[in-house]
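What follows is a group of structures, each given as structure tokens.
The following pair of complexes shares a single chain, subunit A, combined with subunit B in the former and subunit C in the latter.
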Partner chain A sequence: MTARTETIQGERRSALRQIWEAGPYAWNQALITPVFLVPFFLVAATVPLVTQYFVDNYGWTGGEFWVRIAATCAMYAALALALNLAVGYAGLLNLGFIAFFGIGSYTYALVASDQLHVHLALAPALLVVVLVTMFFALLVAAPSLRLRGDYLAIVTLAFGLIMRELTLDLDRPPVLVGHQFGPTGLNLTGGTEGVHLVDPLRLPDAFPLIHGAALQSRTYYWIFLGLTALFAYFLLRWRASRTGRAWMALREDEIAARVMGVNSYRYRLMAFTASAVMAGVVGMVDAAYIHNAFPGNYDIQQTVLVFIMVILGGLASIPGAIFGAVIVTVLPFILQPLVLYKYLIFAVILIALMIFRPQGLMGTVSMRPRRALGGTLELFTERVEPEEQEVGAEAASTAEVEAASGAIVAPPQRE
Partner chain B sequence: MDYFLQNFPQQLINGLETGSLYALVALGYTLVYGILQMLNFAHGDVYMVGAFLATGVAVLFVHGSVAALPAAVVVVLMVLAAMGGSGLLGIAIERVAYRPLRDSNRLAPLITAIGVSLLLESVVQVRISPGTVLVPTNALVPQVVAHIGSVATPVIALVLMALAVLLMVGLDLFVFRTRFGAAMRATAQDREAASFMGIDVNRVIVVTFLLGSALAGFGGVLEGLRFSTVDFFMGYLIGIKAFTAAVIGGIGNVRGAMVGGFLLGVLESLGGGFVSTAFQDTFAFMALILVLLLRPQGLFGERPVERA
Partner chain C sequence: MSDRQVLLDVRGLTVTFGGLIAVDGLSFQVGKGEIVSLVGPNGAGKTTVFNLISGVLRATHGSARLLGQELIGLPVHRVTHRGVARTFQNNRVFPQLTVRENLLLGTHHWTRSGMLGSLVFWPRAIRAERRAQTEVDHAIELFRERLQPRLEDPAYSLSYANRRRLEIARALVAMPRLLLLDEPAAGMNPYERLELAGLIRAMRDRGLTILLIEHHMPLVMDISSRVIVMDHGIKITEGRPEEVHQDPRVVEAYLGRGVVVRR
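Presenting the complex of A and B:
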């Protein structure tokens, strides 16, 4: 993009200024380069050390508080990235998203607490969490993904509700047709109390900076940040792969994608399950962090909150999701007097964003139809500046190339 | 078996009473889906707002903080306020949140619908009450229990069920017998072709939202009068159940939604009564999954044609 703009304009401009003028799509492109992402995560990792410095040298009392907020930010960033995989990449509206986070939490709580008197080490616990969330994701997605997209939304919404009911009801053995399943006194979820005294993560002693000491907020901040970085890496790698292109093609136009030979069911199942398992792993770390699995943490509002993060940042945008997570998490702490109106304000933001700027801050997915291109309304649309369109075939968006050639092509490489 | 036979009529009547509520709300989903092919997630919350409007009227006029009116007048006022208020709210939601996105992809209106749902819930939660609000039903309707054989049920529940059925019959007549109903059905079949035939599509959509939301508002009154409490979260569960009912009947099909509502109510009541009370809500979900697996177009729906 840079090179092209220069040749058209015939004048030299600084790279930064070009990025600024190229708009959000270019910002997103600039922010997902390793040149930016790697230093970003390294700098973010120093946050607890910086707060510690101020606590030690200036007697600042808010250090621990803000490290906890940073940990929450990092947790939501990881969740937002996981949701972005389903919603942003594959266009799957998973309204029971937080239930998978909850399943991860409860599963870890059950295999690492006195609830069932099981205390697994980290690796087996992680394996159990991954398998259990995968099982539930397949359970929900396998029947509903065969159908049109709208049904997935309602099935997942209902699933979220059912999981909440189950966590509340399974503090006693279930009774069906007068027959009791399981021994009397069986208490899986702790009902409204939740599961308490969950083990902290058992990290190997060789880990730097935490050796010996009990796990602190900052350790969890680093773990969440690590998960965020890992998920961002996954998403970036997938984006350029055949799988990622299949997801995006399905999101834009399912029928066209199927005509091109994309197995819509398989790819959607993959996206949904991967997203759910990612959420489950975050849920596991969260249960270890707050030492409990409490039903109130997995309400529908939590799902909407993560949705707002993703949409505010821009669907399918990785820096956008991280940015959205930080804003939505930190804003209520800054606007303390308005904290009562938190959800009200977020709801208004969500509606206004969808109407006035559906692609979010740095989105790469436009919600606007493009009637000019054939009959399909939902095309892969990137923001293309008018001046670039004059360049001709070279500047054509992926969708236009796809429409013309009939093949799913890789997005043009932009430096 | 004896236990089953003894309790079956009672569970059946309970199921039909709940089912009338599901059917009323399901109609709103099915009407909007039929015409716009979108899920109006905020519909359950329109129902909740209707219930709150009715409760507000009841509290104002029963305890006489404004004026003490006879109970019958208050009930009529409650119904008018709930149906009118919900209907207008439905129109406003369509105008503000859905119309600007009518031509965008399917995801966008679904997301605004979630936003509207959250907005309505939090407005009521913050401005009115974060907990349950009592409806002064004792002063409004006679608390008489009717005994028919082994079945015992409050008279008011039967009356409300009858009213709900009347409303549904009225809607059915409107959709299938009037000129405007024909316009609605034409719009549902093909919006563009309908507009070529001289149908004011926007007006049809507005009336659809008005009707669906007004029915939901009546449902709100019904629940308030029967259970004596309302809360800001009440629309969530009913919304999912009613949607399930609409899917069972075949989404987009008006008569299907009514039948689906009653079926779901009975199914839940029987499941709760004879299988497990704790998992009563789970039955609706399982019914939804089963219907989606075995007959995705619902009992009365036509198999949808996928169009590019």
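Presenting the complex of A and C:
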């Protein structure tokens, strides 16, 4: 039933055909082996060096531009992997996902800029970002994970919107029931202006390739790529461990998972928080990269974008999330000459994909509107016809004989 | 029964859904190493009893003690920790997980390894994983030719009967004291049922106590040490299979009043 990648034999065309017929499940299994992933990340790491070569030798002017796009791709890949942990592994529909990215950005912006006149080094800043995003994740998840399914989506969606409003309003001290919190003139988030002149990451000088070049795009490309590789490693390790199996079991069948001894609340909280903290760390690096934290970057549209990447690539699929991030980031640039029509084309591609492959390019778990509840989303797993019963239809008559005689009869004779 | 140690002691178990009394003051005992069958017509409340014992449903009154420890009122996963594993009537394997992953889920409650331990190859996490794999290999021996070749396949690709086997194996890997099997023979052909009877006996011989819901009477009569008959949430009778078989109340519950059974 399950297609496996067979040993490639014979002529080339049939080998390709075999790979094609093996199907997305097998592709995904093949692509998450270290044999593929390690060379992939090594090759990906050379992208800035290759563009540099063309810039130096052929006077190519687009080098820096494409490195920046590559950095954006890598950033979204890391984000998509973080979201995949919550949505793909644990089945938690976190529609406020980008808020945690924003919390990471703003937290770093506050502890590494002139906004509060604090300039922390990399390690303490990272620690603060992790703790703050963890705090907010627990704040949202602790009460709402007691709710079931779609309610989590509603609560997290509201949380995302509230956080965005807060970034706009916290340029002055908050006033609650007539009481002002904090001194007059306190400006945390800079309102619509955002926080500017955020410190770049202060990396140790020991790295040879990036020494003295901390401000370059390619440094950030490597950092984002490193995060992507790290998150991919996390997801792979979790998949093969007790924790990850418990998450996936909860996604598949909550009651059965609990009967197996999985503390559903605790494991959901873990998945939600881990996913949020991963997003927060990416947000921190992004704030350092673009030197500011700006409310427009943490819109609901951004959540939708990351969701598109994950769903396009396939829920719970690691190569899928990376692939989805690259496509969704690069495609608008490739379609740039078509100006007005590029988003139309993009939308058509997405709709077509959702119709013909609702489980994404490399996934097996899919997401569809739930018919009974008027359009809310549910995660459901692909229904595939099971293998045939071992013994065919002739068994029915034996069953009758057995029932009549009141005893278990000898196994049926097969021709 | 009297010479055995009592493993499960159910007393006055009652649950009501609105005005409906699904299980009404049910009391019974299961001794260590017994195979006890719970039979009765559809809607008698058998599966509800399983749901109450395993904590999936909250009982209105009553108690169920496993070796003296109360199970009623515990969250579902705590019941598993106390040593109760169960299968479901409607076959709840995890379809996207492989057979092996499904089985490893059974080891969840008795292994200890955290979210971060597996990332850094923490020795305890590695030991836990290795022990879990060993137990899976041990349990799979009972199902050798059925599940062994399918270990790396996703569970959705299994046949109906194999999913039932997988569910039983998963419960077995949980190393319970008490195993609750909810209609394990449903959808199996006579040959497979015969195999299942052997399997249940083999599990009993490994030291498990089994409480079984089954509609297929010949199987029940064949393997049970005792049979409990329920109807409308009440225990009608209880006894050795051959005694229960001849009890007129049982015939009445199944077939209605005034039916003469020709032998």
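Methods note: the second predicted complex is superposed on the first by the 322 of 415 C-alpha atoms of A that agree within 3 Å, B and C clash if a C-alpha of one lies under 4 Å from a C-alpha of the other, contacts with A are read in each partner's own complex, and residues count from 1 in each chain.
As a working rule, a residue touches a chain if its C-beta (ideal position, glycine included) is under 8 Å from a C-beta of that chain, and two chains touch if they have at least 3 such contacts.
Remember, it's a predicted structure, so these values are computed and weren't measured experimentally.
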Subunit B versus subunit C as contact partner of A:Ile162, first or second or both or neither: first
First (subunit B), second (subunit C), both or neither touched by A:Gly182: neither
Partner chain(s) touched by A:Ser144 [first = subunit B, second = subunit C, both, neither]: first
Touching partner for A:Ile255 - first (subunit B), second (subunit C), both, neither: both
First, second, both or neither for A:Ile355, with subunit B first and subunit C second: first
First, second, both or neither for A:Tyr343, with subunit B first and subunit C second: first
Common ground on subunit A, meaning residues reached by subunit C in one complex and by subunit B in the other: 253, 255-256
Contact set on subunit A toward subunit B in their complex: 87, 91, 93, 95, 143-144, 146-151, 153-155, 157-159, 161-162, 165-166, 169, 174-177, 253, 255-256, 300-301, 304, 307, 311, 340-344, 346-348, 350-351, 354-355, 358, 367-369, 375-378
List of subunit C residues in touch with subunit A within their complex: 54, 56, 75-77, 80-81, 85-86, 88, 92-97, 101, 104-111, 113-115, 117-119, 125, 128-129, 132, 153-154, 156-163, 170, 174, 189-194, 197, 217-219, 221-222
Touching residues (chain side subunit B, partner subunit A) in the complex: 38-39, 41, 96-97, 100-101, 103-112, 114-116, 118-119, 121-123, 125-126, 236-237, 240, 243-244, 247, 274-276, 278-279, 281-282, 284-285, 288-289, 292-293, 296, 304, 306, 308
Contact set on subunit A toward subunit C in their complex: 1-2, 25, 233-234, 237-238, 240-246, 248-249, 251-253, 255-264, 270, 274, 316, 364-365, 381-384, 386-391, 395, 398-399, 402-403, 406-409, 411-412
